[in-house]
Structure formats: structure tokens, C-alpha cells
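Presented sequentially are two complexes of chain A, the first with chain B as partner and the second with chain C.
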Partner chain A sequence: MIKYIVRRLLAIVVIMFGVTIVAFVVTRLVPIDPSARFLGEKAASNPVIVAAFKARWGLDQPLYVQYLVYMKNLLHGDLGVSLTTRQNVLHDLRTYFPATIELATAAILISAILGGLTGITAAWWRGKWFDSAARAGSLLGVSIPGFWLSLIVLYIFYYRLGWFPGPGQLSANLEPPPPVTGFMLLDCLIAGDFSLFLNALWHLVLPAFVLASFSAGLIARTSRSSLLEVMQQDYVRTAHAKGMETRNLLFRHILPNGLIPTVTLLGLAYGTMLGGTVFVETIFAWPGLGRYAYQASAALDFPAIMGVTLLFTLTYALVNLVVDLMYAALDPRVVYK
Partner chain B sequence: MKKVYVALSRLWNANHMAMLGLAILLMWLVVMVFAPQIAINDGIEQDIANRFQPPNAQHPFGTDNLGRDIYSRVVYGSRISIPVAFVVVAVSLSVGGMWGLLAGYFSKTVDEVLMRICDLVLSFPGIILALAIAAALGPSLTNSLIAVVAVSWPIYARLMRSLVISMRSSEYVDAVVALGAGTPRILMQTVIPNTISVVLIMATLDLGNAMLTFAGLSFLGLGQAPPTPEWGAMVSSGAQDFTKWWVALFPGLAIVSFALAFNFIGDALRDLMDPGLRRLL
Partner chain C sequence: MSNRKWAGLISILVLIVVVVAAGCAGTTTTTSGASTTPTTGETPTTSPPPVAGGTFTIAIQPQYTGFDPAHASEIDGMMVNYTTYDTLVRAQNGEILPWVAESWTTEEGGKVYVFKLRTDVTFNTGKTLTADDVAFSFTRFKNVKGNPSFQLDPVESTVAVDPTTVKITLKSVDASFLARLAVPTCAITEAAVVKEHGGTDAADADKTDTAQAWLDTNSAGSGPYTLTEYVNKQQVVLTANKSYWGTDKPKFDKIVLKQIDDVNTQKLLLQKGEVDFAINLTADQAKELKTDTSVKLVFAPTLDIFHIVQNRSIAGPASKPEVWQAVRYALDYEGLRLLCGEGTKSPYSVIPEGMLGAKPVDTATQDIAKAKEILAQAGLADGFTVDCEFPALAIDGVDFSLIAQKMQEDLGKVGITLNLKPEEIGLFLDRMRSSKMPTAISMWGPDYPDPQSQMAFLPGGPPAINYAGWRAGADPELEALGVQSAQELDPTKRVAILEQIQDDLVNTGPYVVFAQPTRYYGSTPQVDGVKPDPVFMLDLNSLIKAQ
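Then we have the complex of A and B:
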């Protein structure tokens, strides 16, 4: 098992290496002179400053040397300086990452619970009205773009009904807690301010549900069909025939086996969510990496784009590793060597 | 003809939603072709005095920030958004299909190299890579198309490769090889015709996704340049002030209806293809 984990981690290192190459090539696709963009007009007219800038990033060298310089800087934790925030990219990533993780984790929990329950209920009452409604609902979930749904729920639940707060992580009149972990909910608890915690939690509801909608639909569809498959198995029929109670049959035989394939979907769902944060965070003014990625790409801020891409891809790879390990833990037939 | 009828009636019995999907699709095709007849004006005409009008008799979907008629823009937008989805899928299918064909048919080394490249692309969260590519190439319709294709071809490569590998050991391929056919002939005349139906079903399932991804890039301002109407970009102009609900609502509904239509059809196709599940329906 440990050997397997080590091998997977090594594979992730190899993948990340490939990812840096792809990201590097992509960010060098346009022949924009980064020195002019970065230094500003005044400094860019000073040849000494330009030369120093180019030497630092190896821009006066051929492309493969530029890549090596980039990698050297990267391995020293130097991702460059963002053109938009004028901060070190690594610092930016550290600042914005927690908000995204908080949002995406809330969304994955919502989609697993909502999608799972819907799938189970639909499979149990297959062919009944709930099944049809669930089917239509889950197809709707995977057909609605998050950027549109964000606007619609903001209009209805914030502007019209006033049930939920508007964009942002906290109400504007509240003082944010001292940043200890960077995670808003945790920091509120650490500060011991429960009303602040509730306010932050309340702000999380709408964006998390919007972000969850796609995966919830996906999970509902997959869990329904895999449960139906298990319900057709001989051992379920046998258990039924020997008079096992329905509740036991469902919780001991059908669900444990039928929900395992759904677990593998969570990794994919998490990847979709990381991408979805670009839209949801932008609209909900959520200070996370998705919004940062959008602002960076709008400003052609390549060091920042590169940084976000690397971090998102790394997160995605690690989440997939965790999902595979969960899969093995849940299904004793799966043994990794 | 009879075959088509039988297939259609089976589809209807299996799933009323699939027929609904086909109906929506047909409606959009009609709108797309007869846009000049259906729209009120060309959708570009500005009328600043009447900006942000809520839906009324003159403007059934209201007007946007420049006083343009949103109904006409949704109608004309179909001429960009729908062909784009088809182009993205067609190009992804061709590139990915060829990629998978080569990987599946040729030696282990070729296979290994091609599939590792595939894995590499798949290791990015899709929209992030597309965003980076579209931003690097600069905002334009073509560049955002390239960006969407760049992230959507690998699934076709994977599918095609697995189909080809399972076919390679079949007897009819052995027979063609024994008859002395060359590689191009085997690929073109035996392998492709026997795999294309599955790949095309996959493509149908993917059309909705293609539209969603492209609309997303447009929403972020990386697609079609203004003032030409495009659904994703139109939703984006509604995002500036979500209290003017009609600006985003109608183009968004257009996107949803198109994606939903293909998901309805795809869902039914999947049920028909999967004998295990077909039994249960």
C-alpha cells in the first residue's frame, strides 16, 4: 500500500513536470515582450533595467534556457511577480487558495449528499414519479452553466427574497477575524466569534450550491444506475428471498456495493469544481483562486496564470490519489500493489 | 426509412425526454436558419434612450445596456453559438479520433507516447487550461474555438484507442490482414467504419458540453468580439447588474435549452446502447 502511494506520488511529480512544460509553452505562445508589460513605460525605456529584468528571467536566452531558468526559479519557490497584484505569485496563491478550498469542499459535500440521496431514492422507486423527476433534475443540473445560475440565484434569493446575503465572504459591516489559517470559517471559530461564523457560513450557501449543481446531477445519475445494477444481482435476490428485512437489504447489501463506483466520480467532480470556481468566484466576489485566475487571464498576467494552473493541477492530482485510496478502503476487492 | 422510423419510435417509447430534446433541437435549427425572418431587428441596432427596458410588447425579452433588443440578439446569437458547438465537436472528434486510431493500431512505443500526451492534457482541470490558452492567443472567436478543442480532444482519443484495440484482435481484421491489405486500407475501410457509430454517439453526448465550455470562455470575454451577439457574452453583460434579470436570463435559457436537448438525447441513446440497463426500462 505504501509502495503504491509512493509510486503514485512519483507519478504526480512526473505529471507536474509535464504540466510545467505545457503551461510554459502556452504562456509563451504570444510574442508579447513581458518586460515592457511588467516594468511599465518609464522603466522599460531604461536599457539597464530591461537587461537586468531579462537576465533574471533568462528572456535574453533561447526558449529552452528560459524554461530551465523558470524551473530553477520555481524549485526555489519563486513563481515570479504578478502583474495585477504586484505581489509575489506564491504569496498570492497562499492568500487566495484557502477561500477556494473552503468553497469547493462545501460544494463537494453538498453534491455528494444531495446527488447520492437523489440517486438512492430514484433507484429504489425506479419508474415512479420521483425517478422521472430526479432524472430530469439531474440532467438539468449538468446542463446549466454555473455563471448563469449564479446570477439567477443571486437575483432570486438575495435581491428578491433576501433569504441569503449578497456577494462576498462576510457582510461588509463586519470585521473579518484575524487570519490564522486563511480559512474564513476556521478563523471565525478560532477567534471564538460564533455570530461571525454563522455570517460566513450563510455567505457560503449560495455559491456552494451553484458550484455543486453540476456534480450533484452527475452523481445522482451515476449512483442511480450503479445501484440498479447491484439490485439485479443474485445475492440481493437471495437475501430478499430468504426474507431479509428491507432496511437491512438496503443498508447492508445494496448501498455499500452500489455506491462504490460513485466514489471514483468524486475526483472528476472535484476537477470540474476547481474549474467552476473561475465563474462562481468572479460573480460572488469570492476572494479565491478562481477569481484570481480570471483577473490574471483578463490582464494577460502570465506568471499568475502559470501559478494558478500549476496549483490547480497539483490539487486535482492529489484529490484523485485520495479518491483512489478511498476506493480501495471501501472495496476490499481492490488491492493496490 | 423504415429503420429510421423503428429507431425513432423506440426512442419515443424508451424516453419521452429524448423526443423533447429532438424537438428543442429542431426548433433551434429553424431559428438559426430563419433568423432574419424571426428577429425583430438585426440585434446590433442601438437605442440608448431605451436601454435596460424590462420585457414588454415591443421588446419581448427587454433591452440591454445599449438598448439593443435582446430577443433579436438571442435569435441571431444562435448563428454563432450553435455552429460553434458543432465545429468544436467535429474538430475534437477528428483530431482525437486520429490520435486514438494511431495509438491503438501501432506499436507499443507509439501508443505509449501518444497516450501519455493525452493523460497530460487530461491532468489539467479543463476550463483552466482552456482559459490559459484563450488568454495567451488573445480574445477572438477562432482562438476560443482552438482553446476548447485543445481540452476536449483527449476523450475521443481514449475512446477510439480502446475501440481499436478491442477490434485489432477480431477475426475480420485478421481476415483483411491475411488478404494482404495495407495499413491505410485496413484503417480506412475496416477499422473506421466499425468504430464510427460509437464515436458519433459520444460526440452527440458531448455537444452540450462543448457549448457550455465555449459559452464559459465567452462569458469571461475571450470569445466573439462585440457587437456580434453570442449567448455566453450576452449573459456576461447581464452580470454587470444582476438586478436587471432579463439581460442574463434569456440568453442563458438558450444555452440551457440547447445543452439540455443534447443531454436528453444522449441519455436515451445511452440507455438504448447499454443492454443491461435496457432490460430495466
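Then we have the complex of A and C:
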């Protein structure tokens, strides 16, 4: 197993190297001069200002030189400076990624619990009213666009009912805790401010719910059909016929076999959420990586684009590795050599 | 009814409720019959007495990415810098007023300015502002060759004659010079602090200056507030400068600009009272909020102009000068103003209302018959087709896509078919610089409150070359008038020249200016003293909040 993990990690390194080449080339292939984006019309018409801009950001060098310089810096842990924020890209990723991790983790927990329970119950009570309602609800979950749901949820639960707070990680009148880990909830606890922690937790609910809606719907549908398939298997019928208790039947035979595809889905969903979602982050003013990535790509902020791409690749690859390892834990037939 | 059918019916009912809720989203109920009348420009102070201290929160969809005056040229960045720095002079209602410079004289017919500085201006460190700081700031500003450095292009040199005297020599007489100095990009920074953080005014400052990173998140200024925090994508925090030298002391302990990119979210936060001010409301939201007593609206005039332009360097029917006369008559200006929102005007030409030399607005009218006649005389009675490029976004609440569709409809009536080509802003700007757009719809915001900023539309200026392919030498007489207007210091004579320039542009130019929009600001009812500015949006230090 250790050898397998090491092999996978080495493969990730190779993949990341390949990604740097692809991302670098693709971004440079876009036929737009970044100086047009960053300099005003008057400034962009001044060749002296344009030349100074390009020299400042190394854009006057040949492409292969730019790539080599980037790789040399990357090997020293330097991801360059963002054209947009003018901060070190690593600093930006450290600033925005924790907010995305918090949001994605809350969303995946909601997806897993809500989607999983719905799917399990719908499969168990197949054909009953709950099954029909669950299928309709899951269809709504996967169909409703995130940005629309964000606005509706905010309008109803924040503005009209006042049950939940507004956008942002904290209420507008509160000072955030000293940044220790970058995770708002953790930093609130470290600061010993429990009321601030509760405020942050309450702010997390609505955006996490919106982000979870799609994957919860998908998980509900997938887990239902997967469990139904398992429930049709001979060994389940035999165990049931032999008088096995329902609880034992469910937890020892049906769920471990039926939820394997759900684990895959959860992993993929989590990996995608960690990439950030622009719409949810924009509407809920969530300072996450999605907005940063979108603005970087729109502005042709090469260093930021490269940094975000590398981070996404690494995150996705690691999440997939964890999912594969979970297979081995769930299914004794799966052995990694 | 079976369980399945009940579940289906319940699901449909849930869907209907959600859709109705969505339809109701954005509507507000009024709690009383009183309606709020939006004000334009400044709001007078009213009793009860304002709150002193505390935090004033503003929801903003920012363009700024940093606050180094030598690099920041975004309008909202200038709003922050207006509050954290001071300039030699200030512009108010078209007048140039003394500020850090208490007086000035000119020499050599206006080619040299000698400014006498106040002796009581102090930076946020407590140090007195001197002529050395001015000289350093302006020289650094030019030499780092940042985005806004062209503002001081007319300047040959800035010299500190003595601690309270600054001598600025221009390359030639320039009537716009004082207006340029009034813009927050010409902020005076504390030289010692900037140098301490890697700043330099050396000739190679574009390669050797390293102060930008510090100045993007801190201020070395003398304004009523100090920039104490800037977290990109989150917030800007301005903290009161307790030792501010001016008479208009800071009202709040802090002003926080919270980044709220979605304008619907801004509106909700404002209506709930979670923010005191929202700065990016759209025309539709303003219309809706007029009857909402939980929000006070302010209509803020701008100097921005929206125009449609022909490219004269691309051969084809669309490049004929007379075709653009036909376009001028074909457009429905009233309809375009409605689309752009309440308070929008249609300027006569490139000089917007509120700027020296502006001619009366809303004088152009649609005349389809006249437009057709002009096209027929040009041999284009059957019309023609041309691409029209524009950025796929909204600026000042004006949605380019809607405007383009309206123009397509208007021009279609005279036989001109516009192929609409919306483009992502980066692509649009790149295409603009290549001068390859046959026609385009775009927007221009002045860099300083002086008509010289609008002379960029004359042949050889950036928009003239970029959009219209109108290079220097294309109209020597018009260009000569532009030079004259730059050097004419007598306002009356200058206005006459500017009016002639505008007449020439209307009669033979490649632009049709159709809109000068308004910005819409919203505040809670307790907020007063709102002083909008067309160049830097808003004077943050003028805001007060009643008990």
C-alpha cells in the first residue's frame, strides 16, 4: 500500500510538471496583450508606459525565457507576483484558499448527509411517497442554477425572514479574528471568541447549502440507484430470507456495497468545490478562490492563472488519491500493490 | 389519489412557490406612504446631530487593485486616495481652489507655476509637508512610468525652491495643468516614508522603485483618513487621522469599504441596514428603490460619455464621413437615454455637461427621413452591413448589449445593418488598440476635469487612433484648434475655441456621442452630506450619519 501511495504521489509530480507546460502555453496563446487590459486607454497608447509595464512583469522576454524563469522560481517555492493584486501569488492562494476549503467542506458534509440519507431512505422505501418526493427534490437540486438559487435563498432567508445573516464570512460590524490559520472558524476558536465563531458558522450555512444543492441531488439519485441494485443481489435476499435483522442487513451488506459509487461522487464533488465557485462566492461575498481564479483569467493575470491551475491540479489529484484509498478501506476485494 | 401522485403534486406546488418567490425577489413593500425623492449632487446637512466615531460601512464593487498614487488610476482608487492624500489644488464646480498650495503665480506667460504652500499641513506621521515632498512625489510619479503618469506629461520639472515654495516648469503653456493637479493621482506623498519603503524619484524609477507594494496597502499622506488595511477581494479600511490638519475633521473612527461584487447583494445589505452606503446601484435598482423608505438615493452626475464610432481607416461604406452624419440622425436619443437610466443626458459632442465649453445637452433628435436622404446622396440608398464591436459588460449601470441592440434597431430603419459583436473586455481592449474595429460602441471617462482631456478625440489622440483610425494630420485645422484650446488661458476665448471644435466634430467627425449617464448611490436614511464627484466618485470625508 505504501508503495502504491508513493507511486501515485510521484505521478502527481509528473502531472503537475505537464500542467505547467500546458497552462503556460495555452495562456500565452490567447491573442490578447495583457497591457491592454491593465493600462488605461491613454496609458496603453504611450509606448514608454507600455514598455515599462512589460519590463516590470517580464513580458518583454521570449516565451521560453519566461517559462524557465517561472520554473526556476517555482522550484524555490515562488509562484510569482499577481498582476491584479500585486501580491505574491502564494500569499494570495494562502489568503483565499482557506475560505474555499471551509465552504467546500461544509457543502460536502451537507451533500453527504442530506444526499446520502435521502438516497438511502428513498431506496429503502422504494415506491412510497418519500421516494417520489426525494426524486423530485434531487431533480430540482441538480437543475436549479447556483447563481439563481443564491439570490433566492438570500432574498427569502436573509432579507424577508431574517433567519440567516447576509453575505460575507462575518457580520459587517464585526472585526475578524487575528489570522492564524486563515480558516475563519478555527481562527475564531483560537482567539477564544465563541460568539464570533457562531457568527461565522451562521454565515457559512446559506452559501454551503447553495453549493451543496447540486451534489446533494446527484448523491441522492446515485446512492438510491446503487443501493437498489445491491438490494436486488442474491446475497442480500439470502441474508434477508435467513432472518438477518434489518439493521445488520443494512449496515453490513447493503450500505458498504451500495455506497462505493457514492464515495467516488463525493470525492469528485469535493475536488470540484475546492476549485471554488464563482457565482456563489460573488453573491455571498465569500473571499474564496473561485472569484480570484475568475478575475485572474479575465484579466490574463498569468502568474495567478498558473498558480491557481497548479493548486487545482494538486488538490484534485490528492482528493482522487484519498478516494481510491477509501475504496480499499470499504471493499476488501480492492488491494493496491 | 396514490402516494406517487400526491408527491408529484406537492413537488409541483413547491416549484410554483419558489418561482413566485423569485418573481417577487427585489420588490419591496413600503411601510408608509412617504416616498423618497432622490437628490442630485450634494445633500445638505440636517439635524439631529451627527454621530461622531464608530464605523461607516460602504458596499462596493471595486475596480481598484492598489493605492499607490503613482500607479492607481481607477476611479474608486482615486476616491480612496482623495481621502488619504492631499493635492496642491482642488477642483469644485469647475473652479480650481487652493488647497495645500495657498496661492500661486505664473511666469513666462503661464509656462512656469510658482506655488506657495501652507505651513500647517502635516502628514499622518506628524511631519510637516514641505516643497521637497511635492517635488519628490511629482518626480517619482513621472519616473515610475505607471498607468497614470501621463497626467503630468506637460511638466518639464518640479523643483523645491525653499520649504514652502514649489516651482513647476511646463514644456509649454497648458490650460489644463491646474485641473490635472487637482486629481488624486497627483497626490503628495511623504518622501521620507516612501523612500524608507523602497521609493525613489530617480530617472530609472520604473526599474528601481519598490515602494508600490507598501503604498498599495498603506498611505503616506496627509488626508483626514489613513489607509490601514487592504485585503484584496475583501475590504479596505481607512482609519481616522486624529491629527488631521484640515478644518473638516474625520467624522468616523473608520470607514470600511466592503467588497460586494454582486449589485443585488449590495441592495439587500443596504435595505437591511447592514451597510450604510452602496455605491454601485443600477438604474433599474434606483427606479425600484425610489419608493423604499429604508433607502435614500443620490443621483451622482458623471463626466463619462458613451459614443458610437466609425473607423475611417477600414475601407468600406461605413467609413464614409457622410454615413456618420446619417447615423447621427438615425439614432433615437430619447430611447437610448431611457435605457441608460434616469438622469442620463445626451451631450452635443465630446465635452460633457459640467465641463468648461460644454454646449447644451439633449439637442439631437431622431430624423429618419433626413438620415435616409444623406445615405441616398452618398450612394447608399440600399444601405449596407457592418460589424459593430462592444464590450460585453455594463459600465455606470449602462449595459452595452442593450444599447447595441437598440442601435441595431434604430439603424435598421435607415438600411444600416449592424452585426453585433459583443466581446470580453480584454479582447475588446486588444482589438481597440489594433484599430481594426469597423465600428464600435465605447465609453470615455475624463482623466481630469478639464476639456483638454476630451481633446484626445481629435486626430492623433488615443481614442481617435484606436477606434477611428484618425491619425495625426488627418484634419490639420481641427488639430490646430485643439492645440490652441490647450494654450488659451482666457476662459472666454477658450470656450469659443472649444465650441468650434465641437461643431466641427459634429459636422465631420467619426463619433456620435449619445449618453452621459448618472451613477446611483444609495444610503440608509441616517446618512447625509453626500458629495459626489464626477472624477473620483465621492468625497468620503463629507459623509455624516445622524443619530
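Following the convention adopted for this analysis, the second predicted complex is superposed on the first by the 299 of 337 C-alpha atoms of A that agree within 3 Å, B and C clash if a C-alpha of one lies under 4 Å from a C-alpha of the other, contacts with A are read in each partner's own complex, and residues count from 1 in each chain.
Assume contacts are C-beta pairs under 8 Å (C-beta built on N, C-alpha and C of every residue); 3 or more make two chains touch, one makes a residue touch a chain.
If you're wondering where the values come from, they're calculated on a predicted model, not measured in any experiment.
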Exercise. Does chain B (first) or chain C (second) touch A:P287, or do both, or does neither?
Worked result: second
Exercise. Does the superposition put A:Q87 against chain B (first), chain C (second), both, or neither?
Worked result: second
Exercise. Thinking of the overlay built on chain A, is A:T313 touched by chain B (first), by chain C (second), by both, or by neither?
Worked result: first
For this session: Could you say whether A:H253 touches chain B, chain C, both of them, or neither, answering first, second, both or neither?
Result: neither
For this session: For A:P145, decide between first (touching chain B), second (touching chain C), both and neither.
Result: first
For this session: Name the contact category of A:L300: first (chain B only), second (chain C only), both, or neither.
Result: both
For this session: With the two complexes superposed on chain A, say which partner A:V22 touches: chain B (first), chain C (second), both, or neither.
Result: first
Exercise. Once the shared chain is lined up, is A:E229 touching chain B (first), chain C (second), both, or neither of them?
Worked result: first
Exercise. Touch check for A:Y96: first (chain B), second (chain C), both, or neither?
Worked result: second
Exercise. Can you list the residues of chain A that touch chain B in one structure and chain C in the other?
Worked result: 136, 140, 148, 151-152, 154-155, 159, 282-283, 298, 300
Exercise. In the complex formed with chain C, which residues of chain A make contact?
Worked result: 31-34, 36-46, 48-49, 52-53, 55-56, 84-87, 92, 95-96, 127-133, 136-137, 140, 148, 151-152, 154-156, 158-159, 166-168, 171-173, 282-285, 287, 291-292, 295, 298-300
Problem set entry | Complex interface listing, chain C residues touching chain A | 3-4, 6-8, 10-11, 14-15, 18, 21-22, 25-26, 55, 57, 65-66, 73, 144-150, 206-207, 212-213, 216, 231-234, 256, 258-262, 264-265, 268-269, 271-272, 274-275, 424-427, 429-430, 432-433, 444, 447, 456, 462-463, 465-466
Seminar exercise, completed: The residues of chain B that touch chain A in their complex are 17, 116, 119-121, 123-129, 131-138, 208, 212, 215-216, 219-222, 232, 235-236, 238-239, 242-243, 245, 248-249, 252, 255-256, 259-260, 263-264, 267, 276-277, 280
Exercise. Where on chain A does chain B make contact in their complex?
Worked result: 15, 18-19, 22-23, 26-30, 126, 135-136, 139-140, 142-145, 147-148, 151-152, 154-155, 159, 221, 225, 228-229, 232, 271-272, 274-276, 278-279, 282-283, 293-294, 297-298, 300, 302, 305-306, 308-309, 312-313, 316-317
